[in-house]
C-alpha cells in the first residue's frame, strides 16, 4: 500500500537517533514474524523487538557505522523501560548465542541509569567477546526530553511487537443480521 | 487484507505470555461481536474482552494445556487493571453460568495483589466447581516490567474491545464541497 | 470497508454505557465534519465530540430512553476529563442555543466530582429549560474502574475528534527517488 | 483513500486552535518526508514536526493571519512538551536559517511556563530579526485542560512524526506456512 506496492517488497526504515559526543544511539521497531497454520489462521512465530544500535564517534559529528553493535529489547524489556519511575534504573543481560553451542562466548549488558539531578539518563552498552578477547563499551547520555520521546514511541510500538494490532483487525463480511 | 484474504476466514493469534515455575498466564484480546441493523448500520452486540488463560506446570518449563482455565476481563475490569496505582490491588468474581439454570455451580475469582516491596504483583485464579467438587488454583508472580507490558497492551486494546475503533472510521465519499 | 460497503452508508454504533440505580450514562465518539476546499484538499468544518447520553431509571434495570438528555464534550472538555488528577473535579456549562435567537432558554451543566474516599466520581447532568419551565437532573455514580475505562477510551478518541488521524495519513504515490 | 482519491493530491487540514485575547495559537502535525532507496525500500528523509502558528489579535475575536509566525517542534521538543511535570517549564531556541549564509539573522524562542497556581501555562513566542530590525512577541495563556488536550494529541502524533507508523505496517503476502 505505502511503498510496498504490488511487489510486496518495500520496507520502511525509520529510527529515533540520538547523536552524542562519544557515541550515537538509534532505536527502531522490528516487527514480529508470523506463520500460517493448517487451518489458514495466522500465529506469532517470534515477537518483535525495539532494536537499539550503538556506534562509536570517530570525530566531531562523525560516527563509525562499521563498528555498530546491537541490543534487541524484548516486549517485556520495553515494558521495563516504559515504566521507569523517577530515579529508577534498569539493566538487561543478553547472550546472543543462548541455547546454542556458542553460548557464553558473547555477553552483552545494557544499562539505563538516571542522572542524580533528574535531567536525564546514562545509557550504556557493554559487549564482551570471550573468544575474540574484545570488549566494547558505548555510553550515550540521554536527556529527559529524549527519553520521553523514546518512551512514547516505544509505548506506541509495544502492542505491534506482540502482534496485538493484527488481532484487533477483523473481517466484516460476516457481520450477521439482527 | 492481512492474512484474512478474500475468503474472510483468517484469524490472527497473538498473546502476551508469562511463564513461571508453577503456572503460565497468557493474555490476548478478543474482539467485540457486531450485528447489522435493518437500516444497514452496525451495532455492538457483545463487547470484547481480554482473555486470560492459566495452565499448571507439570515439570521444568512444561505446561499442561489440557488443564487450562479461562478468565475473561470485561472492558471495565481492564480499566481497573490499567489504573492500579502504587500498592493497589483488585479482585474480580465471575460466575460463567450467570443468568442460566447452572448459575452458582462454578465460581471464579481473579486477584491481583502487589508485592510489598513493589517489585511486581501476585496474580491468582481460583476456580471452584460445586457440582464436580473440584477446586483449581493458579498462582503466577508477575514482575513490574511484565505488568507494565500487560498494562500498555491492554490500554491499546481497550478502545477496540468497546468497538470505538470502528466508530472513528468513516466513509469519505460524502465530504461536501464548501 | 467495514460495514460501510460500496454504498457508503454504514455507521457503527459503539458506546461505553454505565447502568446505575437512578440513571444510565452512555458515552460515544462523534466524528468531526469535513468539507472540501476548491483546491481539492479537505478541512475540518466542525470538530468531533464525546457525546454523553443520560436516561432516568423507571424500575429495576429499566430505563426510559424517551427522556434522554445529551451533553456533548468538546475536545478541550475531553482534555479536562482526561487530566483530572487525584481529588480533582470539573464542571461544564452549555447553552445548546448559544449564538441563536433561543440563547438563554436552555441551560445545561455537567459536573464530575470525586468521592471523598477516592473510590470514584459522581457525574451529574442538570438541564433547565426556562421557557418550558422544566428541570431535569441525572446523577450517576461512576467507580474508579469505570472512570479509568472512560478516560482511556476518551484519550484514544481525542486525536480523531480533532481530525489529526486524517492528517497523519498520506498518499505514497509521491515518494521521490534518492 | 480518504479525500486523497486516485489523483493522490488531497491533504487534510486539521488543527487544535486556542483563541485568546491577545493572540491565537494553532497546532497541527506535519508528516515526515520519505525517499525511495535503490533497493525499493523507503527511508525517512526529514522527520515530521508539530507546527505551531501564532497570530496577533486586532480586535475582539479578530486575528491578523497575515502577521502569523511559525515555530516547528521537532520530535524531541514534542517529547519535552509531553513530559512536562507539575511546575515544569521548557524553552526552545531556533534559528530558521541555521547552517546557511543567513544564520544568525532571525532568532526564535518559544517558552512554556506554568502559572504559579497550577491552572495552566503561559506560552510565548519571540521572533527577533536582526536585519529587518523587527521584534514580534506573542503571548497565549493556555488552561490546564487546553494543555492536556495538546499533550494527548501530540503524544498521538509523535510516532507518526518519526515514521514509526510506517515501519509497523507490513506486507502479508509473505506469511510462510508452518
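We call the chains A, B, C and D, going by the order they appear; numbering starts again at 1 in every chain.
To be clear about the criterion, contacts are C-beta pairs under 8 Å (C-beta built on N, C-alpha and C of every residue); 3 or more make two chains touch, one makes a residue touch a chain.
Note that the structure is a prediction, hence the values are computed from the model and not measured.
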Numbering shared by both copies at the chain D-chain C contact, with half separating same from different:
different
Between chain B and chain C, two copies of one chain sequence, what rotation angle (nearest 5 degrees) aligns their Cα atoms?
90
Could you please state the distance in Å, as a whole number, between where the Cα atoms of chain A are centred and where those of chain B are centred?
26
Using Cα averages as centroids, what's the distance between chain A and chain C in whole Å?
37
If a residue has to touch 2 or more other chains to count, which residues of chain B qualify?
1-3, 34, 36, 42, 165, 172, 175
Within their complex, state which residues of chain B touch chain C.
32, 34, 36, 40-44, 75-80, 82-83, 90, 155, 158-159, 162-178
Looking at the complex, which residues from chain B come into contact with chain A?
1-4, 7-16, 28-29, 31, 34-36, 42, 143-153, 156-157, 160, 165
